[in-house]
Every structure is written in structure tokens, then in C-alpha cells.
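Order as written gives the chain letters A, B, C and D; numbering starts at 1 within each chain.
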Amino acid sequence: MSERPDVRPVMILGISGSGRKGSYNSALLEEARRLIPPGSVLVTYDVSTLPLFNQDLEKAMPPSAREFKEKVKQADAVLFAAPEYNHSVTAVMKNALEWGDRPPGENSWDGKPAAIVSASTSMTGGARAQAHLRQIFADVNLYAVNRPPVLIPRAQEKFSPEMRLTDEKSLESMRLLLAKLVQWALMFRGVREGAGQA
Amino acid sequence: MSERPDVRPVMILGISGSGRKGSYNSALLEEARRLIPPGSVLVTYDVSTLPLFNQDLEKAMPPSAREFKEKVKQADAVLFAAPEYNHSVTAVMKNALEWGDRPPGENSWDGKPAAIVSASTSMTGGARAQAHLRQIFADVNLYAVNRPPVLIPRAQEKFSPEMRLTDEKSLESMRLLLAKLVQWALMFRGVREGAGQA
Amino acid sequence: MSERPDVRPVMILGISGSGRKGSYNSALLEEARRLIPPGSVLVTYDVSTLPLFNQDLEKAMPPSAREFKEKVKQADAVLFAAPEYNHSVTAVMKNALEWGDRPPGENSWDGKPAAIVSASTSMTGGARAQAHLRQIFADVNLYAVNRPPVLIPRAQEKFSPEMRLTDEKSLESMRLLLAKLVQWALMFRGVREGAGQA
Amino acid sequence: MSERPDVRPVMILGISGSGRKGSYNSALLEEARRLIPPGSVLVTYDVSTLPLFNQDLEKAMPPSAREFKEKVKQADAVLFAAPEYNHSVTAVMKNALEWGDRPPGENSWDGKPAAIVSASTSMTGGARAQAHLRQIFADVNLYAVNRPPVLIPRAQEKFSPEMRLTDEKSLESMRLLLAKLVQWALMFRGVREGAGQA
């Protein structure tokens, strides 16, 4: 391969765990689009309209699920905007993770780097949702960047009426996290392509 | 109130986290129907066909979600048959928990006793799904009986072709767990009705 | 038994997960002493000086561990003041839980009601420590009251220099939680003694 | 720097969460010593004799804790042999993690790759301990390899009387996990040294 491994842009797939209009977490993905480092691209996919996962549908998979899996496969890295419902991830988010992982032998997440951001009107800001998400990642074989944590509590005070994140500290944390995510994507790509050449 | 608190049968609502035909966890609910103590009744509700929860639908709630919430409210106790997908509860199960909890002020689970059973073809038998479920219960205010644990690994060896649970030890654990669940339901009912009289 | 089940005071054992002088969580136990309802008594035990648990010591148990287990057994209910270190409970707290549970057949926690309070200088206030603690409770067979949550973030702003909790909302939450804990202890005692008489 | 980054052997620090004589998890570390790939070295440290962590000791740290932190710092990677007590990591393990992380600004774990193995006489084999451990890693900034999982249930059937692991499948999983851990250590080293040269 003559192409330098860092020439192709890093493709980041952004997934929001909420389909609500006016979701702070969906807004974080829009913000991320502006904060990613040069040489990377962020595309989003609306997972809130996927059908509820059922193993009986695995073989004749619904077209939307198939399309979603394709987007995951094409990504170099995944950005999860994770609301917390009832001390865990949302059903919308868990459902996307299940479609991505199935059927056996077709895990679309396999070995990719990931990052997690959360916004919440509550005080704890999504800490427990992120904890569950990391445990799920161990099984679907995603590798989440640890730092900096991006947990944005009392989101209603930190977004403008136009749903722009205005809190400087949160913006800086997101910028650092996304830079690290892209660095990981390049590191993983390097190792994969290096291995391919050996 | 002249009625004795223990005369009315204990209504148990059974929920399976899988909509798959031939699900071992759905089969556990059928088994539970035979194992519950006298004076109790188990009804099941298929939560695998509920729409994916979205806060925008809270106010004009879909009829199936409204019907489901009504069933939860009528129950004295809830039995969760919880498969483990990707080290957590299934999206189907989490989705049911979200509909039950919403909208604010209409938490249908509030203060009820619960029990968890899991069957799995894997070795760990659902331990991690049950752990996440208990964390979710803390928020929706369900009280899960602790013992005995009902985790049935290698389910394919423990069910007959007709999907009857044949493992004696698992049957005995389920019987004990269900007896405890009904005991709790009566204890909670006694306290509520006692409080009502004061 | 001629004694009325509600005459004997409810004994609450308070355990802090920190041995640090000036610990906010230890201060919460002192505050709890003032907030418990009439008819209850709170005693504390310093678990930060117990030896590190080792199964080899189970049979010839160190005197301090034996004494601690005795205190647990005498309690009707347990109040855990749980700091969060590294997204989990402290080693000091986990160590106390292990001594209390061992050796096999001598679980001192067995079947008791419990409540959890946390103070923290961080934003998340102990949410993840409480989540882990609840998972541990499922095994040692403690039953934690769910509500209200007592998570006190930015503790440095909510305690006086004399380490008195001054935040009215936190005080009210603690009062409600402790009332619920005592109510549970009486409910459990009633059921136990009722069963004993049958 | 004239030295090639892959010439220096990869130093793996092995930590067992049990101080019990005859611990299956400590035996796994001995087994790992035989299974690591060429170019790597495994040293172990007995963390069961460290004093219980207390923030008041942070500044004048006990010599054993200081020595332990030094070993962690020197390691390129960490191997955790994690027993499960009461659905979580042992106090011995959590205590080591706390000493390693403290005081502020002196986190000895920072940014290192890690792997987890567990043996257990129970059925679930340590799944819940590993789940908690991963959540802790997010805070101390360790990066755990995801696959293959090494969970060895019913350990009493899989070790010889001389405490050698005899189960072929478990041996192969350990071999793969350790190869992956060393691969990660080299990948991380490459990135660090590359960054240092830039």
C-alpha cells in the first residue's frame, strides 16, 4: 500500500441515545461536528427509529437495521451521546448496540475506538449511563477513551436557546476528548495496516 | 375496611425481556405460572411489541404503552425474566421499564416488590443483566427480592423440547423465589393498608 | 412473647467508608444521629482500622473483626455513609462488607434493611459508589431503601467549618430516608416475630 | 533516542486480588508467567499486605505503598487476577487500586494497558468482579483489553493438585489475552515515544 495511513479522513459515526426533538444529547453531536480536529469527519445516524431488536429478525434483517450496520462498519470511530434514563442507558441506545452486534459473526462494532459524552438536566449528568455503556463495550469489543470525562449536568443552564453549548469548560473537554478519539483511530488504523503489511 | 388484607389474590405481572419465539426466558414465565404459591395469580404481558420509548410521545401515549402501564399498576408484584445481551438487559426490557416509569408523576412501578429470573445458553447465565436491572430498580423504585438467585446457565440442557424446565434444582430455586415474592407482596400490602387505616 | 414488637428501640448501625479525619461521610453519620426518628438509636463503628480481609484468617478471626460482626448482628438496620473512590466503593467499605459476610454460614448482614448516604466534593456525589454498593447488597442479602436518594455533591459548600450539614434540602432528604429505614426495620421485625409466633 | 522501541522487554506487573494461600487467582499469575509471549517479563507484587488506604496517610505514605507505586510506574502493562467476593472486586484489589491512584497528581496507573483474568469455584466465574473493575479503570485511566474473556468457573475442576491450570481451553484463552496485552503495550509505547520525538 503506497497510501499514507493518515491521509484518508477519520470517519466518526455519532449516535444519540435520544430521539426527542430538542434533545441535549443530540445537540452535543452537532457541537462535536464543530469541535473535531482537522482530518476527521463526523456523520450521525438516527437510531431512534430502528425497530426493537428481536433475534427472530436477525436473518431477514429490516432494511434500516442493515443500513445502520453498514454505517457502523464504515466508521473508524464511534461517538456516543448517552442520556441517562433510570440509572442506565436508554432503550434507544441499547437497541442500536444490539443491532450493531448481531447476528453472530457480524459484529459491526468489532475493535473500534469510541468516546462517550452525556448531557443531563440532573445533577449526576449521566455518570451511571456511561458506566453501563462501558460494560456493554467490553462485550461488543468497542474501546472507549477514558479522558477527559464529558458529563454535562444541569444542561438547561449550559445550552443557548438555539441549542448551542455555551459552557466553555464543557466545550474544552469535548475538544480534548475528540482529539484523543481521532488519535486512537489513527493508532488503531496504523496497527491494522502495519499488520496487513507484515 | 372489613376485607382481610390476605384474601384478595396476589397479582404477579410477568415480563420477558425477549420476544423471540422459543425464548428460554419467556418459557420461565410459563414455568412460574405453575410454581407460584396458592393465593397468587400470574399474568404476562408481551413487551416486545411496544414502540421504542421517546419522550415526545409521553403526553399522547400510544395505546399499547397505556395498556401496559395499566397492567403494571394493577399488579402487586412483578416478575422479570431477564435475558442478558451484551453484558446488560435487553433493549426490549429497558424499553418496558421506561414506559412504565413515565411521564413524570406517573411511575407505574412505584414501590412494588419484584423478582428476577434468567436463563441463558452461556455460562454466566445472566448475572450481569441482573446486576444492571437492580441498579435500574433503585430509580424506578422497585424492590427486588435477593434470594435465592435464579440464574440458569446452559439452558439448552435444562429445558425439554417442549420448553419445560426439567432441572430440579432450578425448579426448587424458582419455587422459593416466588414464595418469597408473594410474602413480600403481602407484607407491603399490609403496611400500605395499615397506613391507610391510621 | 408478651413484649410489643415496636417497644424495643430500633438499633441502627452506622458505617463510614472513610477513616480520614474530617471526612464528610463520617460527619453524615453524626448528622444522622440527630435526624433519626424517636424510638431509634444510632451507633457507629470505625471500620477503617479492621485488618484487610483474607480467607486464611476466617477461622481464627481477629478480635476486631469478631467484635464488628457482633455489632452488625445486634443491629436492626444499617446506615452506610459511602464515599466514592475511583467510581466505586472504598476499600475500607468493601473490607467491612467482606468481614461481615464471612465465614460461610455466618453472614452477619443477612436480611437486614439498609440505607445509603454519600457526600462528595465532586459533582456526581457518589452515584457510582452507591450503584456498586447495591449490587454487593444483593449478595450479602441487605435490602436498601430506594428513596429519597441522598447524594450530596460539592460537600465543601454544604457543611459548616464545624462539620455540620447546613444544606436544608439535604437535611430533609436524610430525615425522610432515615424515617423510611426505621419503618422498614419495624416491618421486617413484625414479619419475623409474626413468623416466630406461628 | 537510538534504542529501538521494541528492544526493551515489555514489563507486565501481575496483581492478585487474594492473599489466601492456595488462591486460584494467584495461581493464574504463575501460569501467566509461562504463557506470556517472548520479549515480555512478568513480575508479581503481593498487595494483600498493604495497609488499608486512608487519605490521611497520603503525604507520609507507608514504605510498602510507596514501593508498590514504584512497581506500577515501572510496568508497561498490568495483569489483574480478580476474584469475585460479594458480586464485586475484593477489598484487597480495590485497596491496591486506591494506593496506585493517590495522591492527586501521582496516579501510577495512568494510561497503561491492562488485562483481567478470573478463576472461581462458582458458576459465574468472576463476571461481576470484572465488570466493576472495568468501571474503576475508567477513573484510574487503565485500558483493559476486551478479548478473549478469561473467566474460569468451577476452578476446582480445572487446576491440578499442584495448582497448575490444566484446562486447555482456558490456557489458550490466557495465551491469546496475554499476546494481545503485549501487543497493546508495544502500540502504546510506540505512540508515546513517537510523540516524544516529535
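Quick notes on this one:
Quick note on the criterion: contacts are C-beta pairs under 8 Å (C-beta built on N, C-alpha and C of every residue); 3 or more make two chains touch, one makes a residue touch a chain.
Just so we're clear, the structure is a prediction, and the values are computed from it rather than from any experiment.
Chains making contact with chain A as well as with chain C: B, D.
When chain centres are defined as mean Cα coordinates, D lies farthest from chain B. Look at where the CA atoms of chain A average out and do the same for chain D: the two points lie 28 Å apart. If you average the CA atoms of chain C and of chain D, the two centres end up 31 Å from each other.
Chain B and chain D have CA centres that are 38 Å apart.
Annotation for chain C: residues touching 2 or more other chains are 87, 128, 131, 135, 138-139. Against chain D, in their complex, chain B makes its touches with residues 87, 123-125, 127-128, 131, 151, 153. On the side of chain C, the complex with chain D involves touching residues 18-21, 48-50, 52-56, 85-92, 94-95, 97-98, 101, 128, 132, 135-136, 138-140. Against chain C, in their complex, chain B makes its touches with residues 130-131, 134-135, 137-139, 141-144, 146-147, 149, 183, 187, 191.
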